[in-house]
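Same chain, two partners: chain A is paired with chain B first, then with chain C.
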Partner chain A sequence: MCIRVIGAAGNQRYARIGDVIVAVIKDALPQMPLERSEVIRAVIVRTCKEFKCEDGIIIRYDDNAAVIIDQKGNPKGTRVFGAIAEELRELNFTKIVSLAPETLFIFSFI
Partner chain B sequence: MRLEKCWFCSSTVYPGHGIQFVRNDAKVFRFCRSKCHKNFKMKRNPRKVKWTKAYRRLRGKDMTQDTTFEFERKRNRPERYDRILTEQTLKAIPLITKIRHERQKKHITERQKGGKSMSRKKDAKELEQDLQMLPKKDTVAYEATKQKVIVSQLKTEENLMEE
Partner chain C sequence: MRGAALQGPGLARAPPAAVPLHPRPRRAGFGGHHHHRGAPLRSDLLLLLQQPTAVPLRARSPPSSSASSNVNPDTGEGADELLDDLLQEHGEVVYSAGGAGSLASEADEDAECLSLAVSLAKVASEVKAADIRVLFVKPIVYWTEFFIILTAFSNAQIEAISSKMRDIGEQQFSRVASGDTKPNSWTLLDFGDVVVHIFLPPQREFYNLEEFYGNATTIELPFETQLQ
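Our next item is the complex of A and B:
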């Protein structure tokens, strides 16, 4: 569950793809390094809410997804599921993009 | 920039139009407008929806196989840039689209050709069988053409007996 969007302006209410958020774990599988009610940082990679690219393309994913990262921006885990947009590479999340099983090339966003 | 086809209705999606939906298996569905997007969300099959190109092609209403479609097929091998080739391609594009449209029109007129004779046959049958059902003003001309034959009852001995 998202608690706060990092680096967001005062009037930005919601996080978008590529934003880093502070979140708390609500539900975790039993034998995992992270447990329930731990506060972590994550970067949003997919949203159900459509987002508009600079060149007018509107993209919508099938689910909301985020990848848990540490303070520097490296993913905590070793695997990532689902499609990731290539543009995350430009936001210094290259490791996440390289782990992705499928990547999507959208021309430019934000 | 690339002109895509709408997944639902097969019309071209120009930049700045429509929505792209990315499913979790990374398949991208492009829609030209919200009508197609909403139909997709309703899980409708475009092959069953009458106004889509998929339906029309499936039912043979529109032209399916033609050499002009070969030009637009997507090739995944990149072509080395050749100025002369590009120039010729740009000149050829409007010609090819014109030819394709002509052929598509022809396909449709060919398809509709049998219709007139069929409707005439149907009308003739209706005049013959259901003359009473038709409105009087329409059948006056037809009735005038029919010759009235007077049938006189032959006076035989049997008839005289009945009376």
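Our next item is the complex of A and C:
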């Protein structure tokens, strides 16, 4: 669950794709390195709310997803699942993009 | 249902008659924009493409992009080979949007990226980085062409490697790197077509990028033998 959006203006209520958030773990699988009620940082990679690129393209996923990172910005896990948008590369999250099995090339198939 | 039913769902399997085929030039990678010249030519292409492939093609909704999306990517190389054969037998290029020029310029860009990658790797070996690998990931990943993965042993070494790489990129190839400015256990330098990953030894084993990109071809570096 999100507690705070890092670097957000005072009147920004919600986090978007590419924002770093402070979150608390509400539910965890057993025998994992992270447990319930741990406070972590994460990067939002997918949102159900549509994300508007600067050139007018709108992208919307079917789920909300984030990748847990540490204080320095390195992902805590070794792999990520699902599609990742190319915008993260411009926001200096190329590490997550390089771990992604599938990246979305937004400027095609139109 | 048959893919891209331009003429409605009644387009069933048609015999491969001596239909004069006017194929489009093959799509060059992603984002190819295709000109469409009216329905009859597209249907010819469809007829000839649909018949031999026994695997059903999935229907794609926007008909305007159907000419390029007829080949279902899931069917893979089998459909491609059949299409290639057919095009060689019956093919005739009607309109080519400068296709030959783009191939040559692509090769030039590839050569430039390769030289950038090799010179960055050379710089890294001068600073005594360990286990330098250059992977050609262009067929796997579209957003970059080369990965350079190397191991450094201290923050000072990482700092030295990254500053030298940035200098080389700016002076020789006029490319500015984005990425990590401060050394990190996984430091990343992004030169656009070449992405450099600098790991500390435990992180390299933890993330294991070589396994993830195991399908990429490794580029042999000429100076590696000199180190050993």
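Operating definition for what follows: the second predicted complex is superposed on the first by the 106 of 110 C-alpha atoms of A that agree within 3 Å, B and C clash if a C-alpha of one lies under 4 Å from a C-alpha of the other, contacts with A are read in each partner's own complex, and residues count from 1 in each chain.
Basically, a contact is a pair of C-beta atoms (placed from the backbone, for glycine too) under 8 Å apart; a residue touches a chain by one contact, two chains touch by 3 or more.
Not measured: the values here are computed from a predicted model.
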Which superposed partner A:55 touches (first chain B, second chain C, both, neither): first
Partner chain in contact with A:73 - chain B first, chain C second, else both or neither: second
Touched partner set for A:63, first chain B, second chain C, both or neither: first
Partner chain in contact with A:30 - chain B first, chain C second, else both or neither: neither
Chain B versus chain C as contact partner of A:10, first or second or both or neither: neither
Chain A partner contacts - residues on chain C that touch it in the complex: 30-32, 65, 69, 141-143, 147, 178-180, 184-186, 188, 190, 195, 197, 203, 206-209, 212
Chain A-facing residues of chain B, complex: 1, 15-26, 28
In the complex with chain B, residue positions of chain A that touch it: 46, 50, 55-63, 82-83, 101-102, 104
Complex contact set, residues of chain A against chain C: 72-74, 78-79, 86, 89, 92, 94-95, 97-99, 103, 105, 107-110
